[in-house]
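Right after this note come the structures.
Shared chain: chain A. Partners: chain B in the first complex, chain C in the second.
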Partner chain A sequence: MAVEFEVNEREVWDGNYAASQALRQADVDVVVAYPITPSTPIVENYGAYVGNGYIDGEFIMVESEHAAMSGCIGASAAGGRVSTATSSQGFALMVEVLYQASGMRLPIVLNVVNRALAAPLNVRGDHADMYLGRDSGWLQMSAFNAQEAYDLALCAFKIAENHSVRLPMMVHQDGFITSHTAQNVYPLSNEAAKKFVGVMNPVDDMLDFSRPVTYGAQTEEDWHFEHKAKQHKAIMDSASVIDSVFAEFKELTGREYNRVETYDMEDAEVCVIGLGSTVESARVAAKEMRKEGVKAGVVAMRVFRPFPYEEVREALKGCKSIAVTDRSSPGGAMGAFYNEVAAAMMTSQSRPLVTNYIYGLGGRDLSIENIKTIFREQQANADAGYITTDIQQFTNLRGPKLGFFKTERN
Partner chain B sequence: MAITSIKNLKEFSTNNDRFEGAHTLCPGCAHSMIVRELMNCTDDNLVVSSNTGCLEVSTAVYPFTSWDTSWIHIGFENAATSVSAAQVMHKVRKKKGTLKDNDAPVKFVAFGGDGSTYDIGFQWLSGAFERQHDFTYICLDNENYANTGGQRSSATPIGATTSTSVAGTHSYGKKEKKKDIVSIMAAHGAPYVAQLSPNKWKMMAKGFQKALEAEGPCFINTVSPCCTEWKFEPKDTIAITDLAVDSLMFPMYEIIDGHELNILYRPKNILKVEDYLGAQGRYKHLFKPEYKHIIEKIQSDIDEDWARLQRREEARV
Partner chain C sequence: MQDLKLKAAEKRGAHQLGGDNLVGWDEVTQGIVLTSFDGDATGVSHKKAEERNYSDFNSYTATVASWRVMKPVFNIDVCIDCQNCWVWCPDSSILSRDKQMLGIDYDHCKGCEVCVEVCPTNPKSLLMFSEYEDLGNALASWPEKKKKEKK
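Take a look at the complex of A and B:
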């Protein structure tokens, strides 16, 4: 039996520590990991809990992130609860096996501490790694602070392991800003957390020899399409399970989560939509803009996969001009997030103006003032009835203003 | 563990058969013989993993499977990692009592071809051995990437023509010697490492049993003649392995705890390597006058390697 690790009603934890405590309380059986900044403390801490008897699990430190996810797949197929953490280049090295984990419908929870992708080498936070995983068949949630990194990690096990979902899930938090900033966190008691997450009940257990299973079969043109379609449907259908787990969590803690979060949106005419720690800055900026008479609001993506098109459309339908913030190098297109939001709004009755702001690459700060400028530009668009700037702009970049794509006007 | 007694081949071949005869391997492929030897040599439950390769693509094409035991394939390189992590999960679940049958003995086995073992999966294999997981890794060494059309791997011997080391007017085929994977794996300090051949089926079954019994990571390199890429008649598979072991192209030996080397088979009449090379299309060009010196080199390499193996056996280092 594991030694009881005492937690107080209020703790001062950073995002990494909060996530590792969720792993301990969820009684994760096996963590297979390879260290990479800034996610390393999550798995280090799990290893320390094992080393000090606070958990009856095993920590396997392997020789690469590819092996880490490969090991997670093997361990998960062997019917226990599995989790790991990574960032950036490590995430990139995992990508091949991320697709295998989701294709085999294994409920692994991956804590992703978002960091830029090289070159140039950079250890700071942006969302390049997160978007690299967007088509991998994993569910993706975004935590904006340490409390949420803890809460959502607990929810992730419950969602992923639900028998109507059976999909791996990522919980994202911003490198350093969230992962290394100590904040007040209100954890559940060990008992309450354990009860909430529940017991892992494996579906196709490799260690149940009364019913042998074959994992990782080959399908060609005769069956591959049907498998991928079924997987996509499972991802889309997971929304209702996510909603019910969030509802159960609210009942337990009072903390409310929604797939799309809205702040000051009741009468908003201009809006910033984003995810990650930027959301908290945007909320402050929106409040200040309201003092200037601008009806500003903020929409935040709690769940990125499945992408909640209808909920995004509903949240933004009253807006005249929307700024979609992408913290990733778009690589010759509009930002990935912009494309999703623009697609959602294309099917709306109101067809608001939708602009794209590229910001914060490699950990560049996005100040309250920067966001206020974005709001002012949205107000100008709303007043003019068309996009008055380039549709895509780079915010807080050194040197001359950089923007692309003009709106089409008569 | 529950060891199957080995009396005669007929009895052994039908024992505890968990690898179905229905698969799509080429007629004459030695892979299925080697796999069945492993599956039949123990009564313990088996969790098997496979790297991508001929074995994998021929035994689990949806909606069919040849595996009447738990089996997993992820990618080209990571069978050692997946099965060793499953072994750790077994340990945890046994401790917690969450297994369906908590007392049933389980063995963990990974299969890889030479491409995935010597080349693309080597890091994963080495990592799993360094971590001392309790599993057995079996390399089905057919000395080329047979599944993708016969490209050279680092297991391809010098002088063989492959689709990426083509013999012609200006080339005698592959230029480099085969990688000595057995020594490399023994250098990990593994409790049991061996090189075995399916023509000596009792020796192979006993080697597999030693590996399954030993605690820790064990490695066995098996000679798996490939009629398609080595170019011989499917009926001659075992005859080719006879030539391979009697010419000492594939000496059979084991290394215990990284240093105790035992030669398992000493041919009564050591054959010239020409006999082995001449039986296969992939070496046909070496018999042209301009490439005869390569045959001489292969023979002198074999002689040196055999002398070295005997010195190591004697020295116990």
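Take a look at the complex of A and C:
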């Protein structure tokens, strides 16, 4: 029987500690882990909770992230509640196995503390690893601060394990800015958290010896397509479960989450859309722009997968010019997030101007002033009725201004 | 002579791998998880293969030997029931009961020749023949015991 870990109504936790406390309160059965900066404290703390008797779980150290996710798959297929954490290169090594987890519909919760991908080697936050998981068939949520890293980790178990979902889920937080910044966090009581997450009800668990099952079957051209289609449908359909879990969480805590968050968007004509810790800076910048008479707003992606196509259209419908911010090196294309937002707005009634800003790679700061410049450029676009700048620009980059493509005009 | 029907349960190798019933995306199993048996399978490991209630998803009920081009043929008159082939076969395709060799499961044998390799008798009790060779002809052409060479 586990020893009670006392939590106060208000704690000072960083994002990593907050996530690890969520794993403890969710009574995670198995964590299989390989440490990597900046996510290490999440699994390290879970190991300490096990070692100190605060949780009846199993902490397994393995030789790589590939093995960590493989171990998670085994434990999840066996019927346990399973979680781990990783970042950057570790995430990249996990990728091959991420597709296995989602294809087998195993509700593993992965805490991803976002960090740039080498080369050049860098430990700081950008979203290159998050984007690498974009097509992996996992659900993806973004936490903008430590409180959200905690809240969303609890929600993630409830969403992933729902029998109509049964999909693995990532909870993203920004490396260092969120993971290592101590902030006020208001945790649930142990009892309330346990009750909210609920008991894990396994499906097709391999430890049910009365019903042996095969995981990881091979399918060729006559079956593979149907299985992937069913998986895609499940990801799309998970949106309603996410909404209902968020609603339940709000009832319990008063804290409201939406798949797409909107700030000052009621009458906004220009807006910045992004995710991660940048959202909080953008909110401050928008407030300051309003003092200058610019109708500025912010839209934030809480849920990245399934991509909230309709909610994005709804949130941006009144806007004239939109800046889509990508914190990942686009590698010879427009930013991936830009492409998704632009595609959604292309099929909207208003078809606003949509521009792309690449920012913050390798942990480069994006200041309030930088964001205000972005807002001013959107206002100029809105006034002119076309994109006055390059369609893709790099923000807060040293050297000559770097940008690509212009609007076609006769 | 070997009896090929011996110990071959009705469902063994009954259909082609991949199944005959190509259902749509809405009917495939979640996570490609396949059940091995129909009904409660408690204690199934204590039952012999032909007594188990294999499901249609179990490879036991499918023939998975379509790519075999050479097949092992078993000669019961030479076999000493040492069970070497049974131990080494990677596909559980040696049929044996009570330590008595009975034949080969051609629905699952891939023709890897391991059984022939490990057979210790003289002549061997298992030899490879073309997939299309008639079993009677194969047995009729079985080699004689190899004599010791004179020094």
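Throughout what follows, the second predicted complex is superposed on the first by the 410 of 410 C-alpha atoms of A that agree within 3 Å, B and C clash if a C-alpha of one lies under 4 Å from a C-alpha of the other, contacts with A are read in each partner's own complex, and residues count from 1 in each chain.
Methods note: a contact is a pair of C-beta atoms (placed from the backbone, for glycine too) under 8 Å apart; a residue touches a chain by one contact, two chains touch by 3 or more.
Predicted, not measured: the structure shown is a model, and the values here were computed from it.
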| query | Since both structures carry chain A, what do chain B and chain C do when superposed there: clash or fit? | reply | clash
| message | Quick check on the superposed pair: does A:R409 touch chain B, chain C, both, or neither? Answer first, second, both or neither. | response | neither
| message | One more residue to check, A:K291. First (chain B), second (chain C), both or neither? | response | neither
| Just chain B (first), just chain C (second), both, or neither: which does A:V203 touch? | second
| query | Looking at the overlay, what does A:R398 touch: chain B (first), chain C (second), both, or neither? | reply | neither
| request: With both structures superposed, pick whichever of chain B and chain C touches the larger number of chain A residues. | output: B
| Touched partner set for A:W223, first chain B, second chain C, both or neither | both
| message | On the A-aligned overlay, A:Y215 touches which partner chain: chain B = first, chain C = second, or both, or neither? | response | both
| For A:R166, is the partner it touches chain B (first), chain C (second), both, or none of the two (neither)? | second
| message | Is A:V62 touching anything from chain B or chain C once the two structures are fitted on A? First, second, both or neither. | response | first
| request: Considering only the touch criterion stated at the top, classify A:R105 as touching first (chain B), second (chain C), both, or neither. | output: second
| query | Looking at 25-33, 97-105 or 133-141, which bit of chain C clashes with chain B? | reply | 97-105
| Touching both chain B and chain C, residues of chain A | 209-210, 212-217, 219-220, 223, 227
| Parts of chain A lying in touch with chain C, wherever the complex brings them together | 103-106, 166, 203-204, 209-217, 219-220, 222-223, 225-227, 229-230, 233-234
| task | Provide the residue numbers of chain A that touch chain B in the complex, in ascending order. | result | 29-30, 32, 56-58, 60, 62-64, 66-67, 70-80, 82, 96-97, 100, 205-210, 212-220, 223, 227
| said: Applying the document's contact rule, which stretches of chain C touch chain A when the two form their complex? | reply: 18, 22-26, 28, 30-37, 40-42, 44, 57
| note | Counting only contacts in the complex, chain B reaches chain A at residues 45, 47, 49, 56-57, 60-63, 65, 67-75, 77-78, 81-86, 88-93, 95-96, 98-101, 104, 106, 123-124, 126-127, 130-131
